[in-house]
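Let me begin by presenting the structure, written as structure tokens, before commenting on it.
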Amino acid sequence: MRISLFVPCFVDQLYPNVAWSVVRVLEGLGHEVVFPESQSCCGQPPFNSGYWDEARSAARVTMRAFRDAEVVVGPSGSCVTMIKVFYPDLFKGEPDELEARELAAKTHEFSSFLVNVLGVTDVGAKFDGKVTFHDGCHGLRELGIKSEPRALLANVKGLELIEMCEAETCCGFGGTFAVKYAPISTAMDEVKCASILKTGADTVVSNDSSCLMQIRGMLEQEKSSVRSLHLAEILASK
Amino acid sequence: MSGGRAIILGRIREALRNNPAPRPHTSHSQSEAAADHNGHAQREWLPKVGQTLPERIDLFAKISEGLTTEFHRVPTITAARELLVKLAAESGWKKIASHSHHDTDALLEGINLPVVRTEKGYAIDDLESCEAGVTGCEVLVAQTGGIMVSVESAGGRALSVLPPHHIVIARTSQMVPDLTAAFEHVKQKYGTKFPSFISFITGPSRTGDIERILVLGAHGPKRLTVILLD
Amino acid sequence: MATQSADFQTLSRRYTADKGFRAFIQKGLSGYYQKRDQNKANFQDWQGARDLAAETKYEAVNHLDKYLLEFEAKITARGAKVFWAQNAEAARDYILKVAKENNVRSIIKSKTMTSEEIHLNDALEKQGFGVFESDLGEYIVQLRKEAPFHLVFPAMHLTRGQISDLFQKELGSEATDEPEKLTMIARDVMRRKYCEADMGISGTNFAVAETGMISITENEGNARLTTSLPKIHVALLGIEKVLPKLEDLSLFLPMLATAGAGQTMTCYNTMYAGPRQPGEPDGPEQMHIVLLDNRRTELLADAEQRDALGCIRCGACLNVCPIFKNVGGYSYGTTYGGPIGSVITPHLRGLKDWKHLSAASSLCGACTEACPVKIDLHHHLLQNRRNGAKASPSPAEKVAFGGFSLMMGNPALYRLAVVFGRIFQPLQNLVNGTILDPLRAWTGSRKFPTLAPQSFHEQWKKERGGKP
């Protein structure tokens, strides 16, 4: 399959290794991965703050970049949600509404793509460690992703998965919420990190880098030894 | 005096005119069920109820236990009377209240206690000082482990809630499977001449308002006893 | 910044800093989660029940005039009076009028958030009427001169010690740390009030159009007593509370109990079809229904968010909201807090002053998932943000996002921004976490990630050549 890679803006700038992990896994399964370089940002930040005109401008760049894509895959529940769930709303009544719907239909989150489209749950990965999984809210509640990451992690050799009590509780990132309402965001981060530490896991994994930024930010501040990795990085490790 | 009736109705009609709302995201097609309204659609989703009377009585008994409802099954009215006398002695009742009704009359026959009767009206302080209230009921609901009372079947509004111990005498023929059946019963019995008060009672009064800790007997009865006659 | 928004920031900062308080709230909710899940599991299909509830409320709300008129006709035929109150003032004035005309001295109330909304107690007390809240939680916050903390659990923020102190101070009772003893103290006080009150004021959970009944859901029995003994019963309800058929209650009563309190059924669910009818031995001689608009019709007119009028005030959304759990009920500064409050308050009290509640959310969607009538709560928060940005855009944000979009649409600009970012980062590291740090909202509690020396774009270009 010819898979067009969608790299969210902060994966691009902060965590490029996550994107490379996706490439390695997909190429390892024998697929061709292409990266339309004109992509930049899905438009979520202005959209979430209510500036939908500005969001449409950014979104159109994304739509143009993937116009000829057969299928689009990205390692972020929140950014894929933006495209799959919110582009149809954002472009309702606009001249490019149809194009928005078409892109929405052909875009997938990475773990969902592997399990539900490719029918793959074992990518031949190996990772020694006790892992707990954080369900990013967008992936969980907008895209219905819950079992897919777990099915994939179950087949990673050497990995022991321990569920945390607050797996489905929001980490508190929420985009600009994290700075606009920093005390609340911090409080939510505290609850999440406490739940992670309670599992005794040495690594926390998620399918959303924005959540990992929030969680990692606090774990490192507290000088915790718990590592945080993206699901793609686990699946790419041998 | 109707206040802003015309204004509010006007606002409502203006708000709804040519302004349809998106339908809810429902995975099952419930719109037909909701529009059709034979009242049975909910039976598909609500908790299961047994098919036979013995199953329903068992379910009722099981739920009662969880609610701290004192549930007694007795074979005869004589046995029911004995049970009541025992309760009276244990609790040291000095005065109880009841109403005239086929089953309560039979239950209280020969009881050696003053009984305040409510069916023709009563003094509030009189009722307030009774230690127990004895009533009938409309139906028992297996699905919820509760009883349904009304003005007629429970001697008014206050008799089944003011005295601290509520005793209900009922027959197995009054057991209905679920709330839907209870409402059907109400419609069948009363047509459109409803009593002004109908209530589902599901266990003794309770509150969790202090640190979410369960306390029985907040304002209503602290004890609920259901005596089920065959 | 509007005062309400600033107040929210201040209060939420205060409450989130109190870890003990947050843990206390969390502990209080943990029992609810367990019982709620047990009861949901008892349903043959909880999701199917939600669908039917959502459709039933859709039918009711989208034909609101029809069902309100049917309800009015049926209940007035049995002697009740129905008053249509356009706003809070009209509702208060009517209730005051009824109290005055009937020489009422003492009033007993059962739980009604609608009466909080219209500030009824204040108005009654100012006119010299004694008002007693009979619900234990409401009574407690009334004595403390506080608003209810939560839609359903008004006093969940207080410890038994605080309640004991309160009763000692206000009622002269003995100190005790036993919830049972504290409850009995309140019970004894209230018993007298029920017997002496001239008027009982209640809320309404559902108004049934088909049979002309109001339905009240409770656990304590105080609503039943409030509506049995006093000679006048006033029932307050928002116009949206109407349901089409009596049988709809067989769905809504268990769902309200499950979602709201983690119970199969609450202890008392009572249908009132009018004042005392001829031949009945007790019950109020007069029944007054006060139907309240108070800008609900504005929410009705917003077709996109109209489903929010289907709310059954169960509080399930509050109970799962991570914002609510960490900031508590008082931070919202308005009658209805939590997700539902954040959605409807801009409609009921003004978008400009209240849109910040819609911004104070990470949009996690737990509320929408929990709502028994499937209100699209978290998407409505997004819509409020859009409506707010359109109506009163923040100049700073408009410039920032305009610039953002410009940059994202222009690869050269984007690359330039990245270059600046890489220059800026070491400088930011120097002032990290200090008063000079522009990122300190983040860095105060979390480490800020380092920009990658090369972006994925740059790496791909290097490793895969010019090929896309």
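Letters are used for the chains, namely A, B and C, taken in the order the chains are written, and counting of residues starts over at 1 for each.
Here is the rule we go by: a contact is a pair of C-beta atoms (placed from the backbone, for glycine too) under 8 Å apart; a residue touches a chain by one contact, two chains touch by 3 or more.
As the structure is a computational prediction, the values presented were derived from the model and not from experiment.
K.L.:
Tell me the shape of the graph of touching chains, choosing from line, ring, star, complete and other.
P.N.:
If you draw each chain as a dot and join those that touch, you get an open line.
K.L.:
Average the CA atoms of each chain to get its centre, and name the chain whose centre is farthest from that of chain C.
P.N.:
A
K.L.:
My parser should flag the chain pair with the most contacts; which pair should that be?
P.N.:
If you count contacting C-beta pairs, the leading pair is B-C.
K.L.:
Of all the chains shown, whose C-alpha centre falls nearest the centre of every protein C-alpha atom combined?
P.N.:
Smallest offset from the overall C-alpha mean is found for C.
K.L.:
Using mean C-alpha positions as chain centres, tell me how far chain B is from chain C in Å, no decimals.
P.N.:
28
K.L.:
With chain centres defined as C-alpha means, what is the inter-centre distance between chain A and chain C in Å?
P.N.:
It comes to 32 Å between the two C-alpha centres.
K.L.:
Averaging over Cα atoms per chain, report the distance between chain A and chain B in Å.
P.N.:
Result: the chain centres lie 52 Å from each other.
K.L.:
Under the touch definition given earlier, write down the residues of chain C that touch chain A in their complex.
P.N.:
Those residues of chain C that touch chain A are 9, 12-13, 16-17, 19, 22, 26, 322-323, 326-327, 359-366, 368-369, 382, 384-390, 393, 397-398, 401-402, 404-409, 411, 414, 418, 421, 439, 441-442, 444-452, 454-457, 459-461, 464, 467-468.
K.L.:
In the complex of these two chains, what residues of chain A are touching chain C?
P.N.:
7, 9, 11-16, 19-20, 34-38, 40-41, 43, 45-52, 54-55, 57-58, 60-61, 137-138, 140-142, 168-170, 172-175, 177-191, 213-214, 216-218, 220-221
K.L.:
What does chain C use to touch chain B in their complex?
P.N.:
28-29, 31-32, 42-49, 51-52, 54-56, 58-59, 61-65, 68-69, 78, 82-86, 90, 94, 134-137, 140, 153-156, 158-160, 163, 179-180, 182-184, 186-187, 190-191, 194-195, 211, 213, 219-222, 224-225, 227-229, 239, 244-251, 253-254, 261, 264-277, 280-283, 287, 291, 293, 297-298, 300-301, 303-304, 306-307, 374, 376
K.L.:
Can you name the residues of chain B that touch chain C in the complex?
P.N.:
1-5, 7-9, 11-16, 19-28, 30-31, 33-35, 37, 39, 41-42, 44-48, 63, 99, 118-122, 124-125, 128, 144-146, 151, 155-158, 161-162, 178-180, 182-183, 186-187, 192, 194-213, 215, 217-221
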